[in-house]
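The same chain A turns up in both complexes below, where it pairs with chain B and then with chain C.
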Partner chain A sequence: MIERCVLFAVLSLTACKREMRDLRSDPPEAAALDQVRPMENRIGGAAPRIMYALGQPYEGNAYQLNQGKRLYDWFGCKGCHAQGGGVIGPALMDGWWRYGSDPVSIYLSLRDGRPNGMPAFGQRMTTDQMWQLTGYIRSLGSYRPSTAAPSRNDEMQARPAENRGPAAAALIARPSR
Partner chain B sequence: MIRRFWRRMAWIVPLACSACGETFQSALQPAGPHAASLARLIWSFTAICGVIWLLVMLVLLFALWRRHRPAEARHERRATAIIGAAVAATVLIITGLTLMSYAATRGLSDDAPDPVVIRVRGYQWWWEVTYADRRPERTFVTANEIHIPLHRPVRLELTAADVIHSFWVPNLAGKQDLIPGRNNTLTIVADAPGTYRAQCAEFCGLQHAHMALPVIAEDAAAFDTWRQAQLAEAPAPVTAEQAAGRDFFTAGPCSACHTVRGTSAAGRLGPDLTHVASRQTIAAGQLPTTRGSLAAWIADPQTIKPGNNMPLVPMTPDQLQSVSAWLASLR
Partner chain C sequence: MPRAVLRSTQIVLLLGMVMAFAGPAAAADPPALDAASAPRLRAIMALPTERSGANSGAVVAAGTTLFVVTPYPQRVKAIALDRPGFPTRWSYTPPSTPEATALAANMVTTPAVADGRLLFVTGNGHAIALDAQSGTVLWDTIQADVSQGEMLAGPPLVVDGRVILGSQGDDFGVRGAMLALDAASGRRLWRYTNVGPDADVGIGGGFRSVALPNAEPDRGLVTWPAGAWQQGGGGLSAGVVYDTQHELLIHGTGHPAPWQPDVRQGDNLWTSGLFARDVATGQARWFDPLNPHDLYALGAGGSLLQAELDWHGTRRTLLLHASANGYVYVIDPADGRILDAHAFVPVTATTGIDPETGTPQRNPAMDVSTNSTTRGICPGWPGATGGGVPGAGSAAFLPRTGLLYIPASLLCMDFEPRQANYLPGTPYTGANLRTTGTPPRGALIAWDVAVARPAWRVEEAFPLRGGVLATEGGLVFYGTLDGWFKAADAGDGRVLWQFQTGAGIVSQPVAFTLPDGRAAVAVLSGAGGLANPDIDRRDATAAHGAANGLRDLQPPTDPIGRLYVFALP
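Showing the complex of A and B:
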């Protein structure tokens, strides 16, 4: 009986894992996170090496995605891209990208801007914030399944919520054979 | 064991009372009519309920100690009468307390003639304070500090930007929630000059406990002087260091979130910093406003108040020096 209780107590501890919230990068980390190595046309390239050492926190961490969602609102992204559907700026959730869909391309679009209207935010946001926003923008289209999602909108949602399964899952699914 | 308990109590009781003399934040030391009526209410509730408790205890002791007597029919009749009387007394007392409570809280949100109108907007985890006026050029925005004139009703219009907060300045009034998408009002009047601490009284996230603001009640002349000073734009930098700080602030990420009137910094996401050095505290009651604490806050806000929405902005020591020097000059 006692053994069973001990076993149960130990097993119940396994569920105690909580997502860690990394509230800020140390300044050297932040500096390293800015060291992206883009291709010559500034579309695509290699992510900073430290991103892998940190375990790619801006892709699968709900807190970071949520901060990205907050920044999407706060820094006026909605003004041109609406809720991802696009207005005077291109859509961010239709799977078509003029300047690349990978994290490095999106980071470069945010930091340095792009021709025909996308402003540069490198002087307005910190490296952490730009990566958070990159992670959120990549989650907008929901083309890949993810275990993390930001919280729901307070207002009515103009598209499927980010915390639903991938929007394109039904299309991508292949027969298992 | 028991002796140790009493020895410990002998320490704790005077310690607990040492805070009683402070008027900084206490509902039991009212500084205005609304808080006074609430304090009267709580004292009368305590007194009435205390007397009832004492009577119940006396009756209980009497019942335990008296000699057992065999039951008779006439005792049964007397017991019925006593129980009937006790039920009647309970109904009367509870009705009386309810009416007292109604009378004391009824007038709390009444409109008063010619109030000072202050809009308070709660954010995670700070307060935006807007002094409204019929003339738009007399309206201004500040943060994390409220000044009110003595003996004049102040109408607080409360709302929130993100989650539900609650405004509570115990020396002046009861709690009132700040709810996103709603406007609640609360009228306060201060009769004694002083600084009263207000704080958020509704759990609102990680830094709920560090969401406070001082409410400063001062005479009409001092209030008008303060209001006039707050209306002005930020003073121009005097030293070269301050000028360098201003240039860094307006060119860098700081200006994306903060407004300093009189410069190009016009962000609306964080507190207005036009007269930040004139306030008693920074970071919503967290640190006293000094150049040192400003620098500490800018250098690493996430260690002082983990989870708040101000990022750590990387900067060189010179930039930190100059930007804190400039902010400390914004009186």
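Showing the complex of A and C:
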């Protein structure tokens, strides 16, 4: 009985480890976060140095990823990408990327748009928001399960949850283009 | 379920002319295409269009040339039918911009040939006239703002030296418009939007609406929350027909934007109905509100055609509209009066058509509200008929049988309105939707106009998205999403011949006579949409919810479209 109590106490303590949520970056920080150094072909490149100083907050932080999910709805990404399966824009959850799966590529896709009909959102969102979305998009097209990624929807549940690493299942078969 | 309320008494159909919207322009229908000859049809051409999107146009045969316009980026080919091996006489590739690629994926590319000119529209908003003999550009003019999500929709219609075009961007909150260009110069003669103040819409003294008798001004504004009409949608939907007797252009209007209905309380005029416009001035003459406050954003899509028939003992030219909402309407083109309306597929969204106003009676169980999912709405996206874009999925009427051959979808849908934010140039939809259904999810329905019920139907595993061709000889041609091109007996629906094209069919078949006298039929294969390898079907809402309802549709081995021509020996 005592053992159980101890176990319970230990578990609840770990569960209480507070996640840091930076609600909004300071202006200089935000400016620094926009300093991606893309490769010449606009695919991939170096992330802003401050990202590492901040501990890559947009990758494994449940709050940031959930914000990304909300923005995905608000900014109408669904109209072209559905809930990740694609409509007139390509699927984002199948693990196949036209422009790379790394954060910088996705950030650039968002900020500057892509030639075949992906609008630029750089003038419509803050730098924070673009990174939040980048983190979320990466969880959509991720091969690995993640505890930080959203696990449920408050809307029509139309596809495997983001925290399951949906792209892994899509690896099996990919029709030729 | 209460049946449609309007009743028809006896209708006897007489032989008459039918003007199908997307039908062949110049070539006469070869009478040899009949039940006896159908099994002898053989493929004589399978020309790749080199485009993998929705190959949803019709070809046009004129003289000894077959004209084909590919999906975006458009490429026009004039194929010599009088030379062995059918070489290309000339081809033309208009300038394209990659930005329009996604937007243009579903456009209908049917061209028109008139007075020696080949007229067509491109995915980046150009209307172009070429010399049909040489392919030389006569004029090229931009008539739609692609950066806002506006497209030129559907094939051009040429009437007395005017090129009639429609624009559409309902899913992007674009106010759709109708316009006329001078066929010789490309100069714009008139342009009116389908939503907005009376002055923009072309509503003046000559306008009457049977269903909306009070003449209050600016109903295109007051039937919306303040300002919402500016992103109101309502582009061209069911195609344009020209009524020679009244000199009227008659066309459908698309759905109101956004899909999310709660932010657009009101009747949302003049979306989701039928307009008649004066061909010379573009001024509106009448309007039928088919789906006021269109809850499910299907618009007045589907097919619209004219048929000369005997109605209550009088020979009349009437409109037959098989609509996205699941009803077939018989309409008087003079004033838009709805004479008859009956459901041609199982419908749950509405319970019938109100005989006074001609508008559907809602089924309260299928109401939708923000952040809650309503299940089992029939018909599902993009409607009971039509491909979701103007000019796609046209029905055909055969005076000889009195039957209207409707390419139908039996899909239903689950629909959840969400928040919708308007950002110019991005979709203004704000809803999750997934289609639902089990085979048969489609059917070729032979609708007996006289008795307002189906004479027969050919069931199909998948919804029909392409158009139907009915020949004088009594054959009905149609294609399926799983790549079959079929010919059925127009009398009883027996499938007499079929051919596997290898890719889904969403185009309009066309019949013509080859220079050597043989009868031929042409159709494009290549469906795009769910067949696109960029779609991940594990998302039920992908490809407008097709990923759910059509999850068992096999992707083609080769998604590239092909132009097939079949001929009798």
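Heads up, the rule we're going with is that the second predicted complex is superposed on the first by the 144 of 177 C-alpha atoms of A that agree within 3 Å, B and C clash if a C-alpha of one lies under 4 Å from a C-alpha of the other, contacts with A are read in each partner's own complex, and residues count from 1 in each chain.
The rule is simple: contacts are C-beta pairs under 8 Å (C-beta built on N, C-alpha and C of every residue); 3 or more make two chains touch, one makes a residue touch a chain.
As the structure is a computational prediction, the values presented were derived from the model and not from experiment.
J.: A:124 contacts which: chain B (first), chain C (second), both, neither?
T.: Touch partners of A:124: chain B and chain C.
J.: Now for A:89: first (chain B), second (chain C), both, or neither, which partner does it touch?
T.: In the superposition, A:89 touches chain C alone.
J.: Can A:60 be said to touch chain B (first), chain C (second), both, or neither?
T.: Neither partner.
J.: Per the contact definition in the header, classify A:75: touching chain B only (first), chain C only (second), both, or neither.
T.: A:75 sits against chain B and chain C alike.
J.: With both complexes overlaid on chain A, does A:27 touch chain B (first), chain C (second), both or neither?
T.: first
J.: Applying the touch criterion given at the start, work out whether A:38 contacts chain B, chain C, both or neither, answering first, second, both or neither.
T.: After superposing on A, A:38 lies clear of both chain B and chain C.
J.: With both structures superposed, pick whichever of chain B and chain C touches the larger number of chain A residues.
T.: Ranking chain B and chain C by residues of chain A touched puts C first.
J.: Taking the contacts chain A makes with chain B in one complex and with chain C in the other, which residues are shared?
T.: In chain A, positions 74-75, 124, 154 sit in both the chain B and chain C interfaces.
J.: With touch defined as at the start, can you tell me which chain A residues reach chain B in the complex?
T.: Touch residues, chain A against chain B: 21, 23-25, 27, 30-31, 70, 74-75, 123-129, 154.
J.: Residue numbers of chain C touching chain A in their complex, please.
T.: Within the complex, chain C contacts chain A at residues 52, 98-103, 105-106, 171, 371, 373, 414, 416, 418-421, 423, 425-430, 432, 434, 532-544, 547-548, 555, 559.
J.: Residue numbers of chain A touching chain C in their complex, please.
T.: Residue list for chain A touching chain C: 73-76, 78-80, 82-91, 93-94, 115-119, 124, 154-156, 158-160, 166, 169-170, 174-177.
J.: In their shared complex, at which residues does chain B touch chain A?
T.: Touch list, chain B to chain A: 180, 251-253, 255-257, 269, 300, 302, 306-307, 309, 311-314.
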